[in-house]
């Protein structure tokens, strides 16, 4: 296999490359290099090499969502039944990879642009955890001269909400930090609940940091709009064939110190990382391809990753 | 004024006597002693002395709920228009005070008894904060041989849920500690959400530790029963004449350390202590006088504290 | 003990006397006779005899609701601390028993009268099971010249709805019989869902034949009013101290024939008799004492049966 | 019959005396005068005279709610089985009438006082129609120095909302006038929907000007609190025995001009005056006796008008 | 630029051509003529001319929805990367324009046809404002022999509902005119709420005359189906990139006369023209391309106007 | 016409071939044979023959959903405007028919595979009626070693739920049989409600055996996930152009025996076969092409059956 590809795969595997966006871009780039440097001389051997490379890459982080999405994007556009000669295919693979990379790099800016248009001066906004895409929307609107006030949930157990609070305050935005369970208390004064996401399922459910679903429920109760910011590589095609998004439970020491742990004796610490917000509590999902209702996730998955209702991965 | 009364009032004022129950019992006892030791020789002077003592006591902690309730209970029963001679009145005041004290002391046991009957073996129970009455219900059911599993919300910012977890685990009950925002995640497996309360309003809303309302909302969403454990001196008669239960905001240092506070720069920390759960999310309130629907709060206030729709405090 | 009382108790125990109303009337009558024929010569021995008789009667059918209610009604009014001489007490017991009997006998007529006023010509009404009180309301309105159409749920497993259908049709009312699971299908055309009840809890929940809660839920979904017809002896005071209304499961042969049972092999047949409709799905409860919101159950229990928030049965 | 009484009855009948409050006060005064001037010499003839007078008064406006309430209040307190001599009864009737009149006169002030406590500076308030009691609450809070902004629904077809708007603006309150169907549009910014009422039923439903129920529904959808301002003589005891509050339809000319009517040809104009807001959309009812949850209506009816679950009017 | 095009553009700008449908058809026709009469001799100059014309047209009414939709439709189909010679492109532009015009002209008939199938004889229908498409559905069903009854909301402030009422009554349909705030009062008897729309957003929300959202909410509360009639040129592609549909506020004199205005003194008149009905309250949207769920708006926008998730307008 | 085709059509007409899947496969096969054996010599005559055959087949069972879907699938793929010569078209028709048949045969297995992934060990599952697809999901998960417990609604009037119960119990799965109206009683303990379907409309509503909608409503009330298992030929394209799915009413003798019928005298028996579950109560639809949200039905209809928003059947 191509050396550059193997190096990138290695970096993904060892988490030297991390973050959904960076992994996806790296994978697309690995395929681009593989296509560029391939010494294959026939169409079949070239396609075989690309598919082997794809399978290898995907195997590095089997539970990541963005990684196989990047690969699907490239193969869906780069390899298809109409072409049977090697050079146009090579070019198509390279072009698809470059397009994916370019889109991914623009994604944050576009999401910020699209989402910001939905905010008005005077709006109060609830946030949870620390999402670049959600932050970008708020910053973008602030730079457009809109006067906003943010209420950032601290996001136990790891307090990522403090980072969000700090980052936005440094931009000159009025920010309040609150404990997570105060979300409903402040909800009636909010105009938006804006959140990022880790993954979006085929039926439009949003998998995100624990607490998101409760805040969305409270928003729904008070007729507050819920806006999810998500690069398209966050959509989760495997959910189309029934894969459940597994909710990992993390170690106790995120929740209590070792001393507290000891003091609690036989008490178990349950620490699930994510929860699932059903589509009925979500107003819009803001992607770099436009703003969609959550129920359009299935359609977007077929458009972007060529799912075409077959359920077969393109590297198989 | 009576010295014992003044000493008790002092202890209430300096928070040497604290906790809704202890304050209430102390106030009733102060009136009992005042009546017992009064040197008044006419009905009018006796009643005047009791009323002065009452007003003095209530003034020690103007925002407490249980304190004026204890006083109202004693005066409503001890002094009434049918009696005009001093000795029967003295006896009635003493009897009413003793009755209040006896009831208050029995309250925890009776609430435990009544509430426990509603739990079945195999039930899973969510709790918030650290309420003696709620704990008593769970312990009582456990002692009756019922096999229960508890999920205790940690209750930011001050983690009182850890105490609840520890206390119940020491009884041999299976307990899990979770972060507050995981309440909805675990809700679908719960059979009950059991909570104490700081105050209950005339229209059946429950004022309790921040986070209670969100958990109750999530319980309602999943058809999980919400049981509030409340001694009757927690009911808040002033709400009948429109008094809002004020939601205090506490200092930032409950939420972040000084270092974190500094690091957050211009970010505000908002730290409300309580929230309000509307009656529609509450199934029953378990009191030592029986189990009532939240909407019966108004009726119970009139029964216990003689409100009789007049709005006048008996010491006026 | 009094022979007549023992005979009545025997008939209640052997279910020769059955039906909530008949049991209640018989119990009140037994106390009346006991009081009338008592040979006690002191107040204390008379009261002791009445209490012993009461306890004995209640023990005949420990799970019935109307039986202890009848006894509570008589004792609450017949025996109280103000009287200490035997003859007035005897008269009071007899008067209370006669009052209870008279009220019970009038109950059906009054419920029919009150409930019928809420029906308009042209109304369509859904019913479940076979309740005399619910039927009386419909008949009463029909006799008042109102043009009604009834949709009777057949009420599996024992098809009591067929009796309702037949009885109403014989009155000349337009009646349709439907399977239970068609209730939602027809709901949008309904104006009322009218049901009887087996018991009503302190917080206003209605315990009735399985299927009632589903129909009430579907009514609530479609803004159709739910009217519960209930003699006051159906209200369940023990729920005030936490007693759960136990939902009995009956034998398989109500659901399947023996042949079908055999054919089903290892399949279990679960056959709960009742379900519980929460107060939020109920518009009004029509009693012979007037029409109340479900949340007033607690108040009515204290008014009728003297609960006065003490939790002690008057025969103890 | 007493001449003064007949004159008052006449004025009620001819609508010279109009408005729920004024009618009620006049009726109580008529009974006071009748008692004062009665030449009856026996208890029986006196009671007979009062009952005859009562029945006569009530017959003047059979559909009014406040009229029979005033009479019930006086008879319930003035005549009871414990008294059998004429003079104390006469005094009791007079005292009860005076008490009713005094309460009615204080009602507006007390409702304003109680309700105003629930408003905070900065609150935005939606109103419908033109209710003195609702206006009093807002004015009272304004006078207490609270900064409020009101959105007054114009209240088609007769635009009573314009009067409300004008009256409040003259007090110096910031007021906006909106069309009725814009209520949901502005709802998310509201903190309260405050309304008066024409009648309140035994199960806590509020009968008020058409449009109230839609605004309350929209308030409920957005978690905005609904506060109903109601003097206690607005509660409707007959609903306890099933009487429906009839919704009158008024003539077409309130809705369209004669020209428009003619232009519309065969189109019917339907013009119902009231609608019914179910208790589940109401947070509190503010009365001069205190703030109650809607479900306490039944209890309040029994407390004030002596209904005691019998269903019999005291003049029968 | 082409003279005919400039004349049409002028007429659009001066509102000589008005109404969403007429504007759209005129714009497509202008492009058709431009293509037909173009003297361009190269592919590039031809495409440049068409794009310039497109931009010019769209600039005439920047906030209209149907105008850019017509242009997008023509360009998406007429100009694409596969063709590079002028004549086939000219023909394709002309064909696309003719197709758009033909579809637009058929739209009303097809919407009437599709929507009418969903109505049954005996149905009662609520309407708001005056929408040709909604009216066509009702008329079509009426002509099919179905017996319908319509309740037309008058639609303050400008009473367009009277026109709807008159038009339908002239067809021989039974029509009632009601004030807007009576919508909930009559809702329980309705089978459908049928409305037109001004614009539909990417996430399926319906922008229509103020009052629509309240009626839809009341329909949802009562399980009444909501049917939106919308030509496809009403769908709003810019909402995909975050554009909010701005809700214009119109002058006071639509709401009150000048005299009334003066009388109201400092009262502000707020007069928003539209409101937004969320997709969860809408059952179906009836378009000339078929009946879709509101969430399919995004898909339909991509199908019809070639959005393909790029966000770039084809004239750029 | 082709003899084989006519024989198959005959068997469909006489219901010798029955069941949605078998009818669809037979129709596709009939078109395959027709294409294979066609003696047409020109493209036009061949296409004419295929269209005639299609129309003939569809006419055999005008209300079936799967029959026209099979035909649409074949024609959409087999005949299109790009081809104009006979032999490639013949091959394309044959290939499309074979693909449809192959997909249909795989459908059950794939639905089982996809749906089973969403079940976890320990899950409790409610079912209604007897659907092969729903059963396959449960069996598949059981075979994967997951420990499940099923509650099968008996499904009056014809008790198909007993078959489901028996079939699953024979696999070794723990099964309980319950009456239909007990669905809500057991719902709180359920993790899934899994149902098959007879048809799915363009807006994602599920038409299935009466009782499905009530169970789905109760599931929604308790936050229990609803999973619909549906082969894609169950989706109903005609609903796009407004066709209502007609709900047939079947004869009385499914509900009562002849004896019971006679005994009921003038009572009508209403026996609708299906009801309609709105999309808001459905979590996912599991098809052999993947798992979709109900709102994606419209998209899937266009993808599979080539609806392309034209509304014209391909045989016309």
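In this document, chain identifiers A, B, C, D, E and F correspond to the written order of the chains, with residue numbering beginning at 1 in each.
Here is the rule we go by: a residue touches a chain if its C-beta (ideal position, glycine included) is under 8 Å from a C-beta of that chain, and two chains touch if they have at least 3 such contacts.
None of the values given here were measured: they were computed from a predicted structure.
K.L.:
Give me the set of chains touching chain A intersected with the set touching chain E.
P.N.:
Chains that touch both chain A and chain E, as defined above, are D, F.
K.L.:
How much rotation, in degrees rounded to the nearest 5, is required to superimpose chain A onto chain F on the basis of Cα coordinates?
P.N.:
120
K.L.:
Look at the interfaces C-F and E-F and say which one is made up of more C-beta pairs in contact.
P.N.:
Taking the two pairs in turn, the one with more contacts turns out to be C-F.
K.L.:
Name whichever of A-E, D-E or A-B reuses the C-D interface, so over half of the contact pairs are the same residue numbers.
P.N.:
Interface equivalent to C-D, from the options A-E, D-E or A-B: A-E.
K.L.:
With chain centres taken as the means of their Cα atoms, state the distance from chain B to chain C in Å.
P.N.:
The answer is 35 Å.
K.L.:
Counting only Cα atoms for the centres, state how far chain B is from chain E in Å.
P.N.:
58
K.L.:
If I count partner chains per residue in chain C, which residues reach a count of at least 2?
P.N.:
221, 280, 293, 295, 299
K.L.:
Report the complete set of touching chain pairs.
P.N.:
Every pair of chains in contact is listed here: A-B, A-D, A-E, A-F, B-C, B-D, B-F, C-D, C-E, C-F, D-E, E-F.
K.L.:
For chain B, which residues are in contact with chain C within the complex?
P.N.:
110, 113-118, 120, 280, 283-284, 286, 289-293, 295-296, 299-300, 303-304
K.L.:
Flag every residue of chain B that touches chain F in the complex, lowest number first.
P.N.:
Interface residues on the chain B side: 187-188, 191, 221-224.
K.L.:
Applying the document's contact rule, which stretches of chain C touch chain B when the two form their complex?
P.N.:
202-204, 239-244, 278-280, 293-295, 297-299, 302, 307-311
K.L.:
Applying the document's contact rule, which stretches of chain A touch chain B when the two form their complex?
P.N.:
Per the stated touch rule, the residues are 151-157, 162, 165-166, 169-170, 174-186, 210-211, 213-215, 217-218, 221, 247, 255-256, 260, 263-272, 275.
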